[in-house]
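Before anything else, here is the set of structures, which you'll find just below.
The same chain A turns up in both complexes below, where it pairs with chain B and then with chain C.
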Partner chain A sequence: MKESLLEIDHLSVRYPAPGGDIAAVNDFSLNLVAGECVGIVGESGAGKSQALLAAMGLLPRHARVAGSIRYGGAPFTRELRGRRVAMIFQDPMTSLTPHLRVGAQIAESLTHHLRLSGAAARARALELLRQVQVTDAERRLDQYPHELSGGMRQRVMIAIALACNPEVLIADEPTTALDVTVQAQILALLAGLKRERGMAVVIVTHDLGVVAGVADRVLVMYGGRLVESGAVADLLTTPRHPYSRALLRSMPRIDDPLDGPLHTIAGQPPSPARLPTGCAFHPRCERASDVCRSRFPALAAGRTDVACHHPVEDA
Partner chain B sequence: MLRLAARRLLGLVPTLFVIVTLSFFVIRLAPGGPFDDEQTLPPEIKANLEAAYGLDQPVATQYLRYLQSLSHGDFGPSFKFKDFSVTELIGQGLPLSLTLGLAAVLLALALGVPLGAFAALRQNGALDYSVMAFAVLGVALPGFVIGPLLALVFGLHLRWLPVAGWSPGEWRYLVLPALTLALPVIAYIARLTRGSLLEVLRSNFVRTARAKGLPERIVLWRHAIRPALLPVVSYLGPASAFVMTGSLVVETVFGLPGSGRYLVQGAINRDYTLVMGMIIVYGSLMLVLNLIADLLYGWLDPRVRYE
Partner chain C sequence: MLEIRDLKVWFDVREGFAKSRPLRAVDGVDLELRAGEALGIVGESGCGKSTLARAVLRLLPPTAGKILWLGRGIEALDAAAMRPLRRDLQIVFQDPLASLDPRMTVGEIVAEPLRVHEPGLDRTARGARVRAMLERVGLSADVIARYPHEFSGGQCQRIGIARAMVLQPKLLVCDEAVSALDVSIQAQIINLIADLKRDFGTGVLFVSHNLAVVRRLCDRVLVLYLGKPMETAPTAALFARPLHPYTRALLAAVPIPDPARQPARLAATLGGELPSPLDPPSGCVFRTRCPHAAAECAERAPDFRPPNSTALATQRVACHRLEEI
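Moving on, here comes the complex of A and B:
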């Protein structure tokens, strides 16, 4: 059994609102072990970012967070951020401080956590920029973020994340905001870095192809909840939750006939302010029955862990 | 940076020229002239006076002459305060007015920014609500109400500070006038700072800084405060204009011998040269202050830095 790093237990995130709380995340748990790669998928608004930001302690102050977040057996603290657990985000264009030079933004983690001197931190920042394949790295050190393209900025974000050799990297849709060609480069870079360094990685993505390529395990989220989790090989070939199945079917495949029907999931994802009763997926589910509308299905272990009253059985 | 500042400074000259030209003609458009109200003057003496000051010439000629004397740094003689040049008159009051204005602006920054920042950091706390209440009141109350009120409390009641008047070199006489001038500006700057800091603290780059595990103190001072000050810097130009016009009232309320009275009297008397001198001095001051605000803005945000 490998060593547990990040342990998220029964995490829930709520926002007080006039018409009743907004339940962004409900009872989310994740036990991340050293070196593994977990993919998280689900429609936008499913609570993926909120769950991970909550784990990092990065939610706004008015968020009500419940549950336990531990690292290496002890409660998660600020000092772990950037040192043991690093995170990169969806919007490289706005995620760097506009008035600070790129080099300084990489170096400050090093001076803060590793107590490197200014010169040593700068040298290491240069080395990091080269590792994330930033062209013309020496000159970039003294540039401001607005002088860099989106892809370059995301590489800088990755360099910042890697600065202190973290054991865990959380990547929240790291390529969604980028051009398609740049997306592939950044994903290849992340996959390479993960392999070389043996970091545990949590990657949120819309792209099941990416999950299939890099992840060991997949978590599927719907309406703020984990609805299915399991090994990539199981979950991506024969998912048990009707939502996972629909998600998989909605992915265009290379062998689809060009003029064939596009499978989209009918209906809208639920609003966290007004979640449907019982199973939140029931208004869109073709297998829904009365029990689905009234009773919430708990996550149950099996070939994959699944929260469904009528999971798709193995054929 | 210095070369840039020098170049921008030189760029102000045409603007100033436009201001001079416009004011010169606009002033002469106003009905009446400098020697109209002195009913005792026999017409021939008035004509003599006007000839002596060149007022009998066509306006275009007067304008060219004025420009010529300006180019030697000469604002000309005052039409009303006989035996005084405009330079002398302005020189008497300006240092005090400038000190007062500068003190008010600095006071506004020194109090407004920290108040706003504390309010933002304690959002929805008691301090936040007090600062916001003060900000609403401070912006709404005019100087001629605040001034006497402050004089009443701190001068008459508590006797901490002189009620009014001036004695050269005595800063105590400047405290209440500067506070009166600054109060609305403090209030406005506090509100600006609070709003913009709250917004910056929600921004993605602050989230990145926090994700690095930096202490909140560093997140605030290294990452958040500079962008949060941008709206405050943009407001410095208008704030200076507000303080300058406000000082006309405040100098009167507190009996300070600043240059405000010359502008008022000059305008009432149609003392063309005196008014022109005041416009040029205050206009240049405004232009330079706006330039400083611009340069400061570029320092705060490299994206708008001029090349």
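Moving on, here comes the complex of A and C:
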């Protein structure tokens, strides 16, 4: 058994609101093991980002967070953020400082966390840019973020994230805004970093194809909850949760046989301000019965762990 | 129905105090669209997809080239002369909410094109057409009195489609019309567009960066890179045997949710980045990323031509080395 690094247990996130609480995340747990890559999938509003931001202590003050977050067996503290656990986001522009040169931004985190001197920090910044395969790395050090392409900016963010040799990298939709060939480059880079450094990676995405390429394990979220989790090879080939299965079928893919209209899921994802009773997926589920409308299904272990009263049986 | 010859759309770009330079967003594109046909226009950001689509609708002035609509050149028509043609040229945008006027009710939004183009229609008849169209796109008629902000992204896209289709136009341009939607909603809208195209015989120009969606919806595909056509082919041929190195790279980069194959596909990724459209490479614009680039590729731009092999005659490709690779 590998050492577990980040342990998120029974995490929930609520926002008080006049018409009743907004339940952004409900009872989310994740035990991240050294060197593995976990993909978290779900449609917008499923709670993916909120769960990870809450785990990192990055939510606004009015968010009500409950649950336990531990790192290496001890409570997670802010000091670990940036050092042991680094995070990158969909839009690198929001995390980069616009008027600061790329070299200075990377160096800033080196001097802050590692107390490197100016010259040493610059040399290390250059080395980091090369590791994330930034072309023309020397010249890039003196450029500003807006002079870089989206793909280059994401590489710079990864370089900053790698500055302190973290054991965990959390990437929230890191390639959603990128062109498909650049997306493939960034994913290949992340897969390489995981392999070569033994770094654990959590990647949030709405694209099951992204998960298939880089993840070992996948968690599916719906209505703020984890509805299925399992090995990628199992979950993406024979999902047990009706939502995972429907999601997989409704995704257009370049290798499908085109032998009928695309599978659809009726209706739309629920608002966390008005979650359906029982299983949040019941208004859209083909397999729903009375019990689904009244009782929430607990996550139960099996070939994949699944929260469903009537999981899809193995064929 | 629609024919485009050597279309160019250039923009003047001023950077700081530097002299303005032309940005060749669309730089010599030919295309043809038959009635009832769907043509997919694909490529990565900045390849000129949206500019091309907007120029076709004359929402942007073309710099050079011909746009023949039903046999008539429309590239130089002024706004007044374009107006009567607009009933047959409709568009659906990427951002559903932003493209709907927030002060108008859904009923008013969908009735607007009827008011402009069929002023003879009385209130009752107009109302009936609006309700029928809303139902056709999957919205109940009671949405008429509500406002766009009360609806989700997918529903707003249905409203936008109803507005575009209420005149039963001959051409529907979809500019990344399903790109901002979640997977489960995207699937509904994809099927809706496919149904409408079939039932109304509407021609579709489908601009998208999502090749899997294009494969589902389109009869033919045009691949652009830095404003230039790289390859065009019937959809089945393009996906079964892409001939241009860029088309191949693009298809190889599309993630598929197959854990047995996707990691290896990822490892074989195309390198390099899109060059600045202000400073495109000489000769073949794709040469800086092309694994087959040779000396001649830097010297001369390749012709956009059918391959020598007659078996591939339905395809057209811009590559010097097409027969060797």
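As a working rule, the second predicted complex is superposed on the first by the 311 of 315 C-alpha atoms of A that agree within 3 Å, B and C clash if a C-alpha of one lies under 4 Å from a C-alpha of the other, contacts with A are read in each partner's own complex, and residues count from 1 in each chain.
Please note the rule applied: contacts are C-beta pairs under 8 Å (C-beta built on N, C-alpha and C of every residue); 3 or more make two chains touch, one makes a residue touch a chain.
This is a predicted model, so every value here is computed, not measured.
K.L.:
Both complexes share chain A, so when I overlay them there, do chain B and chain C fit or clash?
P.N.:
By the criteria stated at the top, chain C and chain B fit after superposition, with no clash.
K.L.:
For the combined three-chain view, what is the angle at the C-alpha centre of chain A formed with the C-alpha centres of chain B and chain C, to the nearest 10°?
P.N.:
Approximately 80 degrees at the chain A centre.
K.L.:
Which partner does A:248 reach: the first (chain B), the second (chain C), both, or neither?
P.N.:
After superposition on chain A, A:248 lies in contact with chain C alone.
K.L.:
Report for A:58: first if it touches chain B alone, second if chain C alone, otherwise both or neither.
P.N.:
In the superposed model, A:58 contacts chain B only, not chain C.
K.L.:
Does chain A have more residues touched by chain B or by chain C?
P.N.:
Counted on chain A, the partner with more touching residues turns out to be C.
K.L.:
On the A-aligned overlay, A:43 touches which partner chain: chain B = first, chain C = second, or both, or neither?
P.N.:
Only chain C is touched by A:43; chain B is not.
K.L.:
With the two complexes superposed on chain A, say which partner A:265 touches: chain B (first), chain C (second), both, or neither.
P.N.:
second
K.L.:
When the two structures are overlaid on chain A, which partner does A:151 contact: first (chain B), second (chain C), both, or neither?
P.N.:
second
K.L.:
When the two structures are overlaid on chain A, which partner does A:202 contact: first (chain B), second (chain C), both, or neither?
P.N.:
A:202 sits against neither chain B nor chain C.
K.L.:
By the touch definition at the top of the document, which applies to A:219: first (chain B), second (chain C), both, or neither?
P.N.:
In the superposition, A:219 touches no partner, neither chain B nor chain C.
K.L.:
Looking at the superposed set of three chains, what is the minimum CA distance between chain B and chain C in Å?
P.N.:
Chain B and chain C, overlaid via chain A, are at closest 6 Å apart by C-alpha.
K.L.:
Could you tell me which stretches of chain A are touched by chain B in one complex and by chain C in the other?
P.N.:
In the superposed arrangement, which is not itself an observed complex, chain A uses no residue for both chain B and chain C.
K.L.:
Taking the complex as given, what residues does chain C use to touch chain A?
P.N.:
44-45, 152, 154-155, 182-188, 190-191, 194, 209-213, 215-216, 239, 249-263, 265-267, 269-271, 273-274
K.L.:
In the complex formed with chain A, which residues of chain B make contact?
P.N.:
123, 202-205, 207-215, 218, 222-223, 226-227, 300-303
K.L.:
Show which residues of chain A lie in contact with chain B when the two form their complex.
P.N.:
56, 58, 60-61, 78-83, 86-87, 89, 91, 94-100, 108-109, 112-113, 144, 146, 157, 160
K.L.:
If you look only at chain A, which of its residues touch chain C in the complex?
P.N.:
Counting only chain A, the residues touching chain C are 43-44, 135, 149, 151-152, 179-185, 187-188, 191, 206-214, 232-233, 236-237, 246-248, 250-256, 258, 261-265, 268-269, 284.
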